[in-house]
Amino acid sequence: MTPILSKTDAGALVNAARIRRGLTWAALAEHLDAPLVWTTAALLGQHPLTAVQAKAVCELLELEDAVEESLRLQPSRGTDPALMSDPTVYRFVEAVTVYGPALKELIHEEFGDGIMSAINFNIDIKRRPDPDGDRVVVTFDGKFLDYKW
Amino acid sequence: MTPILSKTDAGALVNAARIRRGLTWAALAEHLDAPLVWTTAALLGQHPLTAVQAKAVCELLELEDAVEESLRLQPSRGTDPALMSDPTVYRFVEAVTVYGPALKELIHEEFGDGIMSAINFNIDIKRRPDPDGDRVVVTFDGKFLDYKW
Amino acid sequence: MTPILSKTDAGALVNAARIRRGLTWAALAEHLDAPLVWTTAALLGQHPLTAVQAKAVCELLELEDAVEESLRLQPSRGTDPALMSDPTVYRFVEAVTVYGPALKELIHEEFGDGIMSAINFNIDIKRRPDPDGDRVVVTFDGKFLDYKW
Amino acid sequence: MTPILSKTDAGALVNAARIRRGLTWAALAEHLDAPLVWTTAALLGQHPLTAVQAKAVCELLELEDAVEESLRLQPSRGTDPALMSDPTVYRFVEAVTVYGPALKELIHEEFGDGIMSAINFNIDIKRRPDPDGDRVVVTFDGKFLDYKW
Amino acid sequence: MTPILSKTDAGALVNAARIRRGLTWAALAEHLDAPLVWTTAALLGQHPLTAVQAKAVCELLELEDAVEESLRLQPSRGTDPALMSDPTVYRFVEAVTVYGPALKELIHEEFGDGIMSAINFNIDIKRRPDPDGDRVVVTFDGKFLDYKW
Amino acid sequence: MTPILSKTDAGALVNAARIRRGLTWAALAEHLDAPLVWTTAALLGQHPLTAVQAKAVCELLELEDAVEESLRLQPSRGTDPALMSDPTVYRFVEAVTVYGPALKELIHEEFGDGIMSAINFNIDIKRRPDPDGDRVVVTFDGKFLDYKW
Amino acid sequence: MTPILSKTDAGALVNAARIRRGLTWAALAEHLDAPLVWTTAALLGQHPLTAVQAKAVCELLELEDAVEESLRLQPSRGTDPALMSDPTVYRFVEAVTVYGPALKELIHEEFGDGIMSAINFNIDIKRRPDPDGDRVVVTFDGKFLDYKW
Amino acid sequence: MTPILSKTDAGALVNAARIRRGLTWAALAEHLDAPLVWTTAALLGQHPLTAVQAKAVCELLELEDAVEESLRLQPSRGTDPALMSDPTVYRFVEAVTVYGPALKELIHEEFGDGIMSAINFNIDIKRRPDPDGDRVVVTFDGKFLDYKW
Amino acid sequence: MTPILSKTDAGALVNAARIRRGLTWAALAEHLDAPLVWTTAALLGQHPLTAVQAKAVCELLELEDAVEESLRLQPSRGTDPALMSDPTVYRFVEAVTVYGPALKELIHEEFGDGIMSAINFNIDIKRRPDPDGDRVVVTFDGKFLDYKW
Amino acid sequence: MTPILSKTDAGALVNAARIRRGLTWAALAEHLDAPLVWTTAALLGQHPLTAVQAKAVCELLELEDAVEESLRLQPSRGTDPALMSDPTVYRFVEAVTVYGPALKELIHEEFGDGIMSAINFNIDIKRRPDPDGDRVVVTFDGKFLDYKW
């Protein structure tokens, strides 16, 4: 009897296989017919895959059954705090630190007392060409939930 | 000789006057002819206002000169960590925690080694009507910067 | 021009007036015709009151207009971490620490991948007589939200 | 001579065997004729099992003796802080943060100076059907203990 | 309308009056006919006094009514972490750090799975003469509570 | 050449052997003719054993020489902070938090400016029968040390 | 008798007077005939000024004697951690985080085992024109100190 | 299928091979025809190497393919906080703590509201001979980025 | 009724008066006929003064009675953590970090299992002339205390 | 290809061999003809040994080449924070906490604005016989460095 491979370890194996085969995350998302950010996050361990999805990934990447089993596992979501200070991730943290209180004011002004759900939620990333340098455009899209007793 | 009113205190006075006059942040943004999130963040102390902007706000809200002087001050940006656990702000923190590593992978895949700037950057918030409940749509839009020696 | 009284200060004034008049939180909840925990939390600064509610409280307790204005204010929710180690509060923290992972497993087993909302949510407290010592019964009741893209 | 398998490792083996056999936590609780949350928490390492219970679990799941020995071990209770920020667990943390001071006020009002025990304590979770979306209902039920010299 | 004097401030006033009058904590405890550690802790803000006790203290020390009102208040218990590193307090912290796991083992061995209550609990301090130097003897005395569902 | 077995690992092996042989800590203390809390703490790694004591323990429990060598090692004292939040240990932490400042006042009142030593120190635990439930009685007994230049 | 004005407060008064008079830090440095970064840091409270320097600053800015007295005070150096996350300051923190271990390797390779002094040390900042955008050039210049017994 | 060797492990292998062959970081930088600090940081895991660079390093140092694969990997940048208190690294932290606010003032004075980029950025280290002891001269050179919406 | 002036505030007043009168700490120590480090630490709030000492200081510095009362107060010892990163203080922290484990080994080797007391303890500071630059010589002198049951 | 043995692991092997051979740190220091504290700290991983020293230690203790290679390695200095709370080490931390600000005042008074170097620095430990109990005498001896631009 062995424990199930951790989702962190499974994600590392998926990523290794992906890189060695020269596949992009976009290719994996297309293969799964799933959104790009969802697919990447899920394979890195933040969402469970369905049995069909896990099988499709592992067949494509020729990964063993233990990876497939792990990918289907319910995750404990979150990120090692050490990774949050990587500059590419940290800029998002900084933006939330600088603009968080303003976003809160504007959500209350527009919708009333409540929040943007982070569960009934999706996120997308696009490149927008710009003559002064292309831009990273990330959209957070969550259902408004009002405080309700 | 007195020190300059802190931007936190100035922001509290702006907000008090805004509420007492029944004005929205959107109205203030329109008055300044400036973006909505920028205006809100700036008045809460995260950006300096120009002399013209500071004067326009203080005249509209009948605030004293000390507020005007403070609004023009260069800020130390950031948020009291205690406010980051307010649920409306925290959902953004959680989204960055859950999706940050995936966004990092996809920025590198699409643009190469680098970051989304949080300086050459703007942010927008919209309501998107949805039959299952309207949605909060927040767009982060920053110039890609590549690691360059 | 003065800033709006902080909700912490307003809550301290409400509580002082409540104690000096010998009124219970239950009496205030009844006066507002609102749930007991909601009323207590709101008056301590965790929920905004409507104009009618704020007026009703301040008239009953003979509090000045500044308190009424503050009670209507949108709060930044949360608790000073120092108060979380008070033994009466800490037992709830301990229970979540000991049983949190089990609750997570059971939510996923019964409902699928998702959370109990803390927004579309109410909480109740009751005394249950027991020959071995009466019991504190606290019920958390939140809508299930599934991860949905 | 080998040390006793850690309860974390034993819990991971129980969970792996449970998932591979397609068994629910509810089925394990029924098999042990024990409360649902207690069973789940105990198998995850938060309570010791009796010799009979440990044997029953390991026979059902065909786990080796080392697991049985570990399940009977007295635990060090608590949760890796990293798991407390998983969104499904965090909503309980948030609820305690928002409502903790109110619960404290109401315990003192109803019972006097004291606490809800987290030891002479049980916890239950139910699904409550609701046309607006089913609800997660979690009940904390602990004996009141008054400060007594 | 004024808020109630904080228990920290009330404790500082009690202590100032006590020192200026040359009274010991033991004298105050005798005056209240209450245990020594309880009295000291209560006057420093860790326990509420009854109306009779608060009146007795304030009459003895000629303190104003605001102190009396504060002493009767339900406390938020705990200590500023900065005070925990004072050497006289820290030695208790160190003892718990060094011997805590052993005490846990021995409580479980003698009583079973449970805890020493810190609520149904008293504490006493004595001087024990010793030719090699007198000794501080502190006794923690709490009811055993077993984990019980 | 191998490093000396860590005292944590040695303690885990002692404990495993103790449990498998059905021996209590009290039996081990009696075997060593040493105080109960000292013995338990020492075997868990908080005190060095003499060569004679280490040999006696390892012969009784049939442990290998590497354990004996480790038990004699000078320890780095202290406890993994994660274990301090185990409820059975935490109640001692809580008691020190609630009563620490009072103990400090009373040590100064009775002895003058100084501390209770945590080095020239012993600690004892007893069960005291009580019709309302037996009690855990823990005595800290340390030499008074005055600040002396 | 009054305490000496804190250097933080003195710095805030200097800065307020500087801004109100439209003076740059460079102008103050020239007035003192002192290096630019040194002057700015000193006036913000990180270095003591000589009596002559403090007098010169306060005469120029028409500040009261209390400021002059404070500027001459020996500082406790360092920065409120909250200010270290301001984006303009944080980029220096990030650079040290990313390149610190490499700088350490190269100091050891070039100089041997030791450090760059932060005491026998100066720092300069320049603008370097660049067609792709002007550059901030900051030079740390410290004496090498080798570990020497 | 194996995961990719971590960049930390790869860096340790590069460093071991470098030391055993008696090669300096400067020699490696020359071999790669790349800047000195960049090369050292990259080989320690802070920058990805191109395929050509990774091959050149591994051939020179006779390292296996797994190291080459790892060196090409996109890093998560940052340093174990434990290493930031090494005295040689800490002096940089201290300098930023003492001079950070002054640098911020001077960047704003010279360039306006913005930052020194840590991405479009390079860093250099030189020895400057000095009769009073040679000096470590480290230059941070980053593009100015202004806050721009 | 007023609380006793805090020892921090009293220390700030002593220091202000000392500086304004041009007196050194050494002069104060001589005036009290007490050791230099003890005197400085005591006046900064780390030791209580006797009535005679407090009177002598306040007469010399013409300080009001409230300061005298405060100086006699039993302190809560310790330092604001923010001050521990001041470079002059931090070098002591660093030395303890680098050499602490070695000192522990050598205390055990020379004295057996125990500690250097920080209570029966004194500390002295001297200047030692040296042609390569004078040296700061600080001596910690504490009684050895062995672990004794 | 293998990485170099970590200095922590090398130190553990040196210590194991030292204990098994019944050698004191003083004997090792004498063998190396080096200062006692330096030798102990260096072998525990805080200083690099020369090739000659490393060889001499490893021959004496019959340790393998990998240890010798590691002992010559440049260290990352510092101590696992967990070890700083060991009582024998903590007393030094406590002394710095209680006396740090006084030492800072006296260094400035005697030498001017600057620090005691922790690099051009040595430390010694002695036993001083005393009829009231022998004393641990630790001397910190560092070059004074003044702030110099």
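We call the chains A, B, C, D, E, F, G, H, I and J, going by the order they appear; numbering starts again at 1 in every chain.
Operating definition for what follows: contacts are C-beta pairs under 8 Å (C-beta built on N, C-alpha and C of every residue); 3 or more make two chains touch, one makes a residue touch a chain.
To keep track of the chains, here are their UniProt names: A, B, C, D, E, F, G, H, I, J = Cyanate hydratase.
Note that the coordinates shown come from a computational prediction; the quantities given were computed from them, not determined experimentally.
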Item to check | Mutual neighbours - chains that touch chain B (Cyanate hydratase) and chain J (Cyanate hydratase) alike | outcome: G, H
Checklist entry - Of all chains present, which has the mean Cα position farthest from that of chain G (Cyanate hydratase)? => result D
Item to check | Centre-of-Cα separation between chain D (Cyanate hydratase) and chain A (Cyanate hydratase), whole angstrom | outcome: 29
Next on the checklist: Rounded to a whole Å, what is the gap between the Cα centroids of chain G (Cyanate hydratase) and chain H (Cyanate hydratase)?
Outcome noted: 25
Next on the checklist: Please tell me the distance, in whole Å, between the geometric centres of chain A (Cyanate hydratase) and chain E (Cyanate hydratase) computed from their C-alpha atoms.
Outcome noted: 50
Next on the checklist: As a quick test, compute the distance in whole Å between the mean CA positions of chain C (Cyanate hydratase) and chain F (Cyanate hydratase).
Outcome noted: 42
Item to check | Residues of chain F (Cyanate hydratase) engaged with two or more neighbouring chains | outcome: 76-78, 83, 85-88, 94, 97-98, 104, 108, 114-115, 117-121, 145
Next on the checklist: Under the stated touch criterion, can you name all the chain pairs that qualify?
Outcome noted: A-B, A-C, A-D, A-G, A-H, B-C, B-D, B-G, B-H, C-D, C-E, C-F, D-E, D-F, E-F, E-I, E-J, F-I, F-J, G-H, G-I, G-J, H-I, H-J, I-J
Item to check | chain I (Cyanate hydratase) residues within the chain F (Cyanate hydratase) interface of the complex | outcome: 35, 38, 47-48, 74, 76, 104, 108, 113-115, 117, 119-122, 145-149
Checklist entry - If you look only at chain J (Cyanate hydratase), which of its residues touch chain I (Cyanate hydratase) in the complex? => result 24-26, 36-37, 40-41, 44, 46, 77-79, 83-84, 86-89, 91-111, 114-118, 120-121, 123, 125, 127-128, 130, 132-145
Next on the checklist: Looking at the complex, which residues from chain B (Cyanate hydratase) come into contact with chain D (Cyanate hydratase)?
Outcome noted: 85, 87, 90, 94, 97-98
Checklist outcome for this item: Residue positions on chain I (Cyanate hydratase) within touch of chain E (Cyanate hydratase) in the complex are 1-4, 69, 73, 75-78, 80, 118-119
Next on the checklist: Which residues of chain F (Cyanate hydratase) touch chain D (Cyanate hydratase) once you look at their complex with the stated criterion?
Outcome noted: 9, 12-13, 15-17, 19, 62-64, 67, 82-83, 85-88
